[in-house]
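Consider the two complexes below, in which chain A is the common component and chain B and chain C are the respective partners.
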Partner chain A sequence: MPSEQELQISPLVPESIQHNSKTLYNLQSLTASLFGISAGILGLESYSGFLFYIVFSLLTVFLLYVVRVAPASSSVALSKGGASKPLDTSSYFRTPFEFWAGGLMNGLAGFILTWTLFYGLVRA
Partner chain B sequence: MAQVPVQTIHRDPQLFYWILLPITVVMVLTGVLRHYASVLLQTAPKRLDQKALREQRSLLHGMSVRGNFHALSRSSFVARREALTTAYQSGAYLKDPERRGQPPANPMSDPDGMSGMMGMMKNQMAMIIPNTLIMSWINAFFSGYVIMKLPFPLTIKFKSMLQAGVATKDMDPRWMSSISWYFLCIFGLQSVFNFLLGDNNAASQMAQQMGQMGPQAGQMFGPGQDPDKQFLAEAENLAVIEHYSVLDGVEQRLLEGINI
Partner chain C sequence: MTWISKTITVLGGILLAHACYSAQEHSSLQSFRAAAASLTSSSTLTATTLPVDIAIETIVATFIIVLGLVSGTRPLRPIQWRVWAGKLEREGAEGFVDNEGEVNKDYVGNPFKNLEMRPGFVDVRRQRREFAEWVKGGGEK
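And now, the complex of A and B:
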């Protein structure tokens, strides 16, 4: 946790953090529904279906990280003159756990809905 | 242990077109309808007169100064603190200076509080009524048979809830009746509503919203609080602040940050 004085110099704006979280939430919901459709069409059963969802959700978050978060984080770190950890998301999100794994619960309901729907439709 | 044979039931393919899709379409449409109905039924925010507004805003001003004092230079901070403290202690910002020592107004009798509570109750009603109607409609028309199979297994206890009209002993809990599709839709369509209606719509996150509304309202300006005591408390908080500014030593930080 940065010290209080560091927080005052470069503050964490709540609206920006909220906007980041909301973006991530929207992305997770959309991809969860799409993964449900594909899991249903593939005819995946219980464990393999959930595993499919977890693996591909993590892949999505990882891609988001690579495309969006990493270039900006590393440029911020360079300007400060120090080395930051390679997986640092502190300039955008509150905690790393929330970034990587928080979205899984959000999308789960949409995933199960579309998975059930397409499993029933396709499998007949 | 012998492998339990997978139970398959041949079903009319027209099941899907006549049951699944209509229920889904109805739920999406009622969600959209509910959102627009709540938008139209919203009451405009109450206009306060100048003295009441000044009372609220001055308290906010004090709290902002307390929270962000580091952005001010020493002289400006001291000036603000002096002005605010004298105003608070003399009661210059109070709405009714004559009622200074008396207990605050009861929220039931004060008309300001009632409209806030009515708004919340109206939102809750708007949530409950369509859901109840849809549930009774589904139970009336779509009961007595199973529609589809869940892709993952459940425990037997779910059978009583999710296979409502079909009283069998051995059927897998994975077979669902239409009421279970209704439950799935409630949870799953929240993300769909987010896309259709934008963020912060009335049709989604019903449980979260109902839980969040309660503790937020009435923290500071609720009619149950005495503004005079709040002012005095704020004056004390301002007095104990040890001031430092982020502008101290800023030249040093700038020089350190520049890469030559």
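And now, the complex of A and C:
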């Protein structure tokens, strides 16, 4: 987290932060229910189901990084004349944690809902 | 661009629905077999794990849907003020379009517009000259 002085020197745009986190939140709540459907079809139980959720959520975030974050970050870094750090999300999100792991808890309820629903539907 | 992501998502949805139906049929077949085996009590119960092709289809379908959804997300916006304002200055409204190619509803334009439109910045003489030319030209646009 940057200090107050750094925020004064290079201010942030609140609307953009809101827009980005809303985009991420929408994607994660949608995909979490989808992963619940898959886990129910596969018949996963207990820890393996949660492991499935975590692995696929991280995969989703990584895909979002590849599609949306990486092209712009590398072009900004190239225009400054330096190579971009790998997995750098600082131009779109305040902290790396917010991007990579912030949404894991968002979709967990939806995941469990559809997981139990489809587990029951398939193994009636 | 949006129809590509929608097509990918629908394709994955069809695959996932097929996998779900296959898994359901498989489990009902297994329970039918178990009932038949208990009637005849001849054969031992077989393992009721999901066939590997259904599992592969499920995972591939999930991956395809995720791919479609991720490619359908709205473009992110830079959060640093200097990057954002620079993009605004360079690209204008074209830098802030969504997937359908329409400008975002909350597009505000130049963030310093109210500074540049201050009364002290207005060139009164030039406006008067323009008005005089407009009057001389017969008042047409």
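Methods note: the second predicted complex is superposed on the first by the 111 of 124 C-alpha atoms of A that agree within 3 Å, B and C clash if a C-alpha of one lies under 4 Å from a C-alpha of the other, contacts with A are read in each partner's own complex, and residues count from 1 in each chain.
Following the convention adopted for this analysis, a contact is a pair of C-beta atoms (placed from the backbone, for glycine too) under 8 Å apart; a residue touches a chain by one contact, two chains touch by 3 or more.
The model shown is predicted, which means the values in this text are computed figures rather than measured ones.
Of the two partner chains placed by superposition, chain B and chain C are both touched by A:Leu121.
In the superposed model, A:Ser46 makes contact with chain B only, not with chain C.
In the superposition on chain A, A:Asn20 contacts chain C only, with no contact to chain B. Once the two complexes are laid over each other on the shared chain, residue contacts for A:Ile37 go to chain C alone; chain B is not touched.
Overlap of the chain B and chain C interfaces on chain A: residues 26, 30, 121, 123-124. Across the complex, chain C is touched by residues 10-13, 15-17, 19-20, 23, 26-27, 30-31, 34-35, 37-38, 41-43, 56, 59-60, 63-64, 67-69, 72, 76, 91-94, 118, 121-124 of chain A. Interface residues of chain A facing chain B in the complex, by the touch rule stated above, are 5, 8-9, 22, 26, 29-30, 32-33, 39-40, 44-47, 49-50, 79-81, 106-107, 109-110, 112-117, 119-121, 123-124. Of all residues in chain C, those touching chain A in their complex are 16, 19-20, 23-24, 27-28, 50, 54-55, 58-59, 61-63, 65-67, 69-71, 73-84, 106. The touching residues of chain B, when paired with chain A in their complex, are 11, 13, 16, 20, 24, 70-71, 147-153, 181, 184-185, 187-192, 194-195, 199, 246, 253, 256-257, 259.
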